[in-house]
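This report concerns only the one structure given below.
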């Protein structure tokens, strides 16, 4: 087990190093940032001076070495656009994204698993067929379209929910939260629902399929035969076995969540990390883009590693040589 | 008469990888110093419990498994030193029948394709001859050529094993290695297949190496029998000698496991105590000693070597 | 049970699954419309000489102000919505099938080789696959196009293929690992079959069925992804028709009441994806390995 | 499970209905802006989108006021120009920075020296053009430039004065986010991506501004800005999308304010030898093939005025005598035939898609007009961050761009746009097609040290005519129109500025 964890850690480091290299190569291909940084009326000499000031005139390997050195010291460079450390810019936006994503995940997980169980019990009931049709819609409507549809219905036609922004926020320590004000919660509903929809449908279908398989297993039949109450059979015996892959998938889908968060934040003008990334693309703000990618990689890799290790601990059948 | 195949001190050790950098932490001693010889037209039986290395020995002869050391000489050529093309030619002369007739046939090919496959590989029986050959083979193993258009899962287990035999025969080999060819079949079918093998041997002058986990299967076909335990030969003799006068305690135990042929048989059934030890860490001395009823003091010190006890009957035991 | 009987059984189950039939009919209609686009559309919306600002923002034909050739109205450049949707679906399907073809072939090849040979190839590709998988296709394609820009449909296809082959490689490898231990593979080796024959004639046909499900699911995912990327402005260029871009333009008009610019392309996109998903659902049930094992052991 | 589902549903319903609409504080102004500020460092961003935020926290030596944008005193009460190189400013006394420090000549010297530091400044060009800054006394400064810069004072409303003491003593990161100026407003809170809040500087030297609190919400999406206005969440929006103009006009609660913008949109042509466009007949044909009136009517929804030249009327060098060529595709075809391009030719039209009002759509329309006279224009639109570096590299064939110069003087602009490319001295930096005409260069260079306003005007007008009529360097399209919308009921008194800056001390309530 220790060997397994050590190996996973080593692999994680290798992947991060690869990501950093790719990120650095990106610098080369994203066009020259110096021209915009020097101002509209700068001459060539003045442009070159800016280039020197940001160390962009040095050979590739020197720049890469410095980049890695700085990253190891937690310094991802200064944003070309705002001229403050890129990491700080991203961390400032972190609470907004985190709140949106975690509310969406909780929503998706509770409703997805709940409805999945419900549907698997009486697959042919009209209501459940309706839910399944809904889940088909959930996996067939792209996130961006879902967002726009919700805005059209709830903001444009009904006018009951705000279509953009985070609303009123309060500061708790360094954390700025929108969960404690009514206005903040109101602003959260549409984007969180948009972000949750796809995952909800996926988890619902996964739970239903798992339940259908488990319900035919011998031990469930035995449990029924023993005269246990349906609640006990479903929740204690069946669901427990279904939940392991469901939780694993939830953990592994974190990358998807980040990607869909970018889309959702763009549509709802949510002041999170994804929104920052998109505007950084438009402004060619390379240090911010690179920092974002590195942060996302770090989070995803860490999460995956935790899921894998937990999975290995739960499931002794898997042997890792 | 010259030997068709000689195996000399064959060893197959599988490394066990461990740790962060996959260093070799130990070996599985699957086959550990096996030697025997086979003459043209003769049949050899290799017998032992599962895990004793008999299948590995069979596969190593065809280099389906790479051996660690030793020599296997087929028709005077060391197959471990063969070039690729020589090895390819060898595969024409030596064929295998597999244990499980369900998994040994490609489910996405009809029987005709399965039989044509080896001929295509070796470019044998070109043109129209190939179809004729397939029909001929089908008839030889007791199937009709019309059945060649069907998929394997449309046949019964016995029929499938006939297909497997037909495939082995396709290139007209000299030696066929049968890896427990009947153990997956019903007892009633077993006899039919064994009879088929006997008929074919006579017709085509084949040599067999038959691998089995009990002596019952090999007794009708094999002239000579090897008993293996944990990668080593413990006894080898002609089948008559072995049946009439088994020497090694392990052989005796195996023999006693054969269902009694007629009532009133006075042989006592010997039940082996314990499990087969792990080949990763075999017991010191004679590997059989922990389960042996005749254990002596030197048994766990040094492994006994094969001793000739008369008329090409060898046994590795301190009792003799 | 006979292979042809399995086939006829699949046909039977297909014909008795109305949603599968409906799904494939929808998909077929879309493919037909895309193939015949130049002949069935009232107007080529990307022929610069034919489109004119004169006919801009016309509502659908049944509404007041609707004009006959523009059944579903026009957009702010005077392009017919219906024609643009048909051409947009063409782009969706080109990208969808293009990715399935390229990423699929590459992924199958890698999965086959990694599964069969193992060793460093397996370690490297599967580590890569794990990483790509956890980063999600959407994120990778988005980052790639965000950084390098989508200069053409082909670049979009490549950007999606870059992470997408992993789906195929993982599935194929798993399938190969299961099959390569089968005795018939050993039997083929024993007869002297070279690697190429083993891979192509013995492993590939047996390992491929689970891939069909991946193809169907992936087609739906890729079509949605193309629309998403084009919506965000990093997908196909402005000069190519795309449902995602139509929705992105239409979004600016939802407050102006010109709903047809967003509702029709949105509906077309969802219908296409639903059709594929319906078919994929049926395929998944049919090719579920458990069910298949049951069948072949009869 | 059913219970759980129902209760979740109930909770969401309650949350929806329990929330009343937002309430606007009586004395506060909420503004939805199209672009967020990049930083609070007044020298780090030379775009108008950024400078307009700074104009509220800082003051320049001079300022521009009113709808004409006239130059008026600010931190300097008057200025002198004793010789070609020297600019002498007499500073206002008794002005205090937000932190209580007094404003003196040392702050001016510090500010102008800071301009040349590439780490913090995008006004490097201005900074590097200064030879020396002499503090004559605490309230008099003489600035000497290296070469004569006739428009030097015209630019002084963009150079904001910083407090020497607090800028030097604070951490550089802090300087980037917390502005300390002399301006009419003090920043109270900046939550990036959400809002900027400021409150009135009661000690402002011009008198405390009438609006005490301002909240700015930067919303990039134009339709979302509209939604914020309609739902009553904001008082003023800038950059009203043209497609929603009619909708706002019909809304009785809203009021639309429009004014012609100074920025003109035009197409840059080249004259590279060997290309079709080297022939002036081709350039003329392209000009005449474009139906500008239809672009204004359909794409700009009438919110633009046709342009015949690049500068706008208040700019020195504007020539009222220049008229647009008529839209005449037949004549265009004839011209192409004469030039030997009866079957047209291929060309790439480049342009930004996130910079000007309807930019990509205009480019699309232009490509279509050209197609109708047989010229096959391939469209290549991209984000401004990629597009502008391409312009400065000078390798484009044909592109759409917009321009206006904060100095109200055509000279500086034309050195960037029309002078043949000379990378060393920075001439022709935005001459993206590498247009080259020796006569034009010569005439332009003669204005470099021309200080006399009348003479300058005459020469620049002559130059303008040369470029627009004799040479057809560009195809002018239109002047944009700036659209703002306000809540009627709030009684907001708001006059848009020509430079699109939102300066809140100029806004009041009735």
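A, B, C and D are the chain letters, set down in written order, and residue numbers restart from 1 in every chain.
Quick note on the criterion: a contact is a pair of C-beta atoms (placed from the backbone, for glycine too) under 8 Å apart; a residue touches a chain by one contact, two chains touch by 3 or more.
As the structure is a computational prediction, the values presented were derived from the model and not from experiment.
Colleague: Pick out whichever of the two, C-D or A-D, is joined by more C-beta pairs in contact.
Modeller: Per the contact counts, A-D leads.
Colleague: Centre to centre, using CA atoms, which chain is the farthest one from subunit B?
Modeller: So the chain farthest away from subunit B turns out to be D.
Colleague: Could you put a whole-Å number on the gap between the CA centroids of subunit A and subunit D?
Modeller: Each chain reduced to its C-alpha mean, subunit A and subunit D end up 37 Å apart.
Colleague: If you average the CA atoms of subunit C and of subunit D, how far apart do the two points sit, in angstrom?
Modeller: 44
Colleague: Could you please state the distance in Å, as a whole number, between where the Cα atoms of subunit A are centred and where those of subunit B are centred?
Modeller: 57
Colleague: Please tell me the distance, in whole Å, between the geometric centres of subunit B and subunit C computed from their C-alpha atoms.
Modeller: Taking the mean C-alpha position of each chain, the two centres sit 51 Å apart.
Colleague: Can you pull out the residues of subunit C that are in contact with at least two other chains?
Modeller: Where subunit C meets two or more other chains at a single residue, that happens at 251, 254-255.
Colleague: Which subunit B residues touch at least two other chains?
Modeller: Residue numbers touching two or more other chains: none in subunit B.
Colleague: Which parts of subunit A, given as residue numbers and ranges, touch two or more other chains?
Modeller: Answer for subunit A, listing residues that touch two or more other chains: 156, 281.
Colleague: Would you mind writing out the residues of subunit C in touch with subunit B in their complex?
Modeller: Per the stated touch rule, the residues are 1-3, 182-184, 186-194, 197, 201-202, 205-206, 296-298.
Colleague: Where on subunit C does subunit A make contact in their complex?
Modeller: It is residues 127, 130-131, 133-136, 138-139, 142-143, 146-148, 220, 224, 227-228, 231-232, 234, 244, 247, 251, 254-255, 259, 262, 266, 269-270, 273-274, 277-278, 281 of subunit C that touch subunit A.
Colleague: Can you check the complex and tell me which residues of subunit B touch subunit C?
Modeller: Against subunit C, subunit B makes touches at 62, 64, 87-88, 91-92, 95-96, 98-100, 102-109, 117-118, 121-122, 150-151, 153-154, 164, 167, 170-171.
Colleague: Per the contact definition, I'd like the list of subunit A residues that touch subunit D in the complex.
Modeller: 31-32, 35-46, 49-50, 52-54, 81-85, 88-89, 92-93, 96, 110-111, 114-115, 117-118, 155-156, 159-166, 169, 176, 182-183, 185-186, 189, 269, 271-272, 275-276, 279, 281-284
Colleague: Which bits of subunit C are touching subunit D when the two form their complex?
Modeller: 48-49, 51-54, 56, 76-78, 149, 233, 237-239, 251-257
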